[in-house]
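Several structures are given next for inspection.
Consider the two complexes below, in which chain A is the common component and chain B and chain C are the respective partners.
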Partner chain A sequence: MTALASPSRGASLWQRWRFHLSALVLIVPVIFTPVFFQENAFFDGKKGLGQREIGEIAVGPWSVRLAEFKVVAPDAEGRAGYAKTFALALCPACVDEVKAAYLRVGKPRNIRTAGALFSGTPYRQTAEMRIPDRTTADDVLWLTLEGWDGALHQATIPIRAASPITAAWLEKRGRP
Partner chain B sequence: MNGTVSRKSSGARLWFVIHGWLALPIWAFLFFVCLTGSIATVSQEIVWLASPMVRANAPAADARLLGYDQIMAAVEREVPGARVRFISRPVKSMFALTVSVTRPEGSTDTLYVNPYTGAVQGEQGEFDFRDFVRALHGWLLVPFNDGFSLGWYAVSALSIPLLGSLITGIVVYKRFWRVYLRPRLRTGKGRRVFWGDLHRLAGAWSIPFIAIMAVTAGWFLVRAILDDNHISISTIGVPAVVARGDVPVVARGEPAPRITLEQAAEAVRRQLPDLEPSFVQFPSSAYSHIRVGGRGSYPLLFETVDVNPYNGKVERTRRVSDRSALELVTGSMRPLHTGDFAGVWLKLVYFGFGLLLTTLVFSGMMVWTKRTAIETVKLVRERASARLGLEAAE
Partner chain C sequence: MKGLRKGGLIIAAIGAVSLFIGAAWAHPPFCICKMANATTVRCEGGFADGRGVPGVKLDVVRYDESIVLETKFGPDSIVSFRRPEGEFYVLFDAGPGQSFDVDYKDIQ
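Moving on to the complex of A and B:
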């Protein structure tokens, strides 16, 4: 009877506040506010080209800066398989000379199979590069630049250098 | 529980209990989402009031709006070397143009440009109130990493208790239409009566609004599930690319010959005279189109036109009539949710009903907790007296 008439302190607090517990959800936006601003700054290019800069790569008479957009393993894209995003900036002198930039795993046979087309502005563009099923960690990425004058120039970057996390992911996956 | 309810059939009582329990455990979360959502509907107008740089003040009464080429020239003058990504001309003439540019060092910024003078009136800083409120409302700022954010799921899942509350509310309060004829809000009969009257009054008046919110929010949940499972209902198909043969080859160092934005706008006007362009997007590569978009005859959806940047041909249009019935319905969900398709008046209507819905959540909680508290006390007393009676009998 005493228990009913005057419940313990903890129980009465629970009785009184249990329906307001969902207010604790508000902790979530408080925690994520700094992340929200960091992400915005990142997408606007205020934290650099990408999360991990690969470096300056000479391509014929031109050069580009290449970066891993995010340091994450390739994304599953449904039936399209896996893809990995890279970011690129053209050298200041070649901004008006380069028509297009492409990236793919392995050597392209011709310009039509040059791979993912970079899109954005010459100062920062991204491409979502497909990772074919047969790709191994020892494969090489081919970067193709096409000039407005029709010239083609290429450079290669080992996957291990371009994206160590992708190389590790490929090793773990093994050859299917 | 007072007389009116306890006299009702057990079926009605069950619906009543379900109605209460649908929202009570999550009321504070729902309250927060309704409140931030209400603010989000008018966030653009709040920014307009707070920040002069987003306003479009005409220098003279007869000032004329600048064409796209003049805007481009003005941006190049004020931010040399920057590449324009898109220009958007808000439908309401009180707002400045927003021009998204990427600077040579790689940072992308939003400029507010006066549509009459071309003056860059300011630049969006790190804190974008409108974006922030939207993200707070829509996904609790939880980032989107692999697929939709968990915050998005949590918020859009509220559509289920919201729809349930609406249906059970109507079932419980079958004669809600009485409120339309004889509204009743008793203020002198205690807090429970007041909150109860307010809850019924606000609820009855908000039935259509709640239905719109619950259904459109439910679509947001479905959309996330479809998207995260790579299921597409789109009829757009593969994005159009500019044919390789159309892209000119020039001598090294020569500029690539492209049409101007004004020429593109003219091509669109010729082809689709009733389209009111509200944005122009630059080609994002040498093989992509200039995209012009705006609202046509059906104000909820945007129609877009892709113009070949080398020869000015309209190569692809995406009009309301090109969409499947399913796309028309699902495409209308977002504008219906935000109310951003008919002008400031509708936004204010949405804001008002949003606040009413927020009040509804709060008053529902007040009614239920007060009632539950009374019920508990009653229950305790009954049991206590029964025990006393037993002890006395022994």
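Moving on to the complex of A and C:
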């Protein structure tokens, strides 16, 4: 008969606590389940267009609903600077008429500089708009809609109205 | 036992990756133009996620919309050209929604 070697202290601790760890592995996802479903509903659009709806904006013969996707300051995008995400829904009557929607800070020079292109369904599409270094809180966003017939229509929204949190961020940042 | 442990590791890895799926998002382009010397402008392009822009169009356009130069980024995502006189802008054009302008006043 041989005597069993007693386990090391580390192995003994592991033996004792692995049951509790396995329970933790089950409990942690349960804790995060409500957040998961909330985020899921938000990304599915069940909680509205975005976290803060800006309102209905007339753009030529069409109209759109515009929203801040999330009420947060612009995201740092490395060397590309900062960007802010907006969400847009085309009016039901203009879904078949509008080919593309663009958003940018300041007046576009032409269609090639119309800004960030909204992508997604006509009922909820998003665009990540660049915030150029020169941008100030008093600047204006230009929304450009392009029709399938080639027609271009534009509307302006002051940054202060489109995203108060971005305006506050710009004021705090100052002009570089 | 070994197989079980391996399976557990794979599940844990998949779970960890799924945590970052929501973070996937578009990566905007950039075009940084500076004076390389007294007469030459050097522009470096790319996307925020580190992708380069070889072959992407870059136009130099006057304020009256007349095109001074039509060129493309090289394999190193850099393009250099002689600075035109007067008011102009550099148009980085990686396709619809991925194009923007750099004003001459911002090129120093």
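Heads up, the rule we're going with is that the second predicted complex is superposed on the first by the 145 of 176 C-alpha atoms of A that agree within 3 Å, B and C clash if a C-alpha of one lies under 4 Å from a C-alpha of the other, contacts with A are read in each partner's own complex, and residues count from 1 in each chain.
Just so we're on the same page, contacts are C-beta pairs under 8 Å (C-beta built on N, C-alpha and C of every residue); 3 or more make two chains touch, one makes a residue touch a chain.
No experiment lies behind these values; they were computed from the predicted model shown.
Contacts of A:Glu128 after superposition on the shared chain: chain C is touched, whereas chain B is not. Set against each other, chain B and chain C touch different numbers of residues in chain A, with B touching more. With both structures placed on the common chain, the touch criterion links A:Gly81 to chain C but leaves chain B unconnected. In the superposed model, A:Arg109 makes contact with chain C only, not with chain B. Of the two partner chains placed by the overlay, only chain B lies in contact with A:Phe37; chain C stays clear of it.
By the document's definition of touching, both partners, chain B and chain C, reach A:Ser119. With both structures placed on the common chain, the touch criterion links A:Ala100 to chain B and to chain C. Once chain A of one complex is fitted onto chain A of the other, the partner contacts of A:Val28 are limited to chain B, with no touch recorded for chain C.
Within chain A, the residues touched by chain B in the first complex and by chain C in the second are 39, 43, 77-79, 100, 117, 119. Of all residues in chain A, only 1, 4-5, 15, 19-23, 25-26, 28-29, 32-33, 35-37, 39-41, 43-46, 48-49, 72, 75, 77-79, 89, 92, 95-97, 99-100, 117-125, 146-151 touch chain B in the complex they form.
Residue ranges on chain C touching chain A, taken from their complex, read 22, 25-30, 32, 46-50, 61, 65, 89, 91, 93, 96-101, 106. Across the complex, chain A is touched by residues 24-30, 32, 83, 85, 102-109, 126-128, 131-132, 135-136, 140-143, 145-146, 151, 154, 230, 247-256, 284-288, 365, 368-369, 376, 380, 383-384, 387-388 of chain B.
Residues 39, 43, 77-81, 83, 85, 100, 102, 104, 109-110, 112-113, 115-117, 119, 127-128, 130, 133-134 of chain A touch chain C in their complex.
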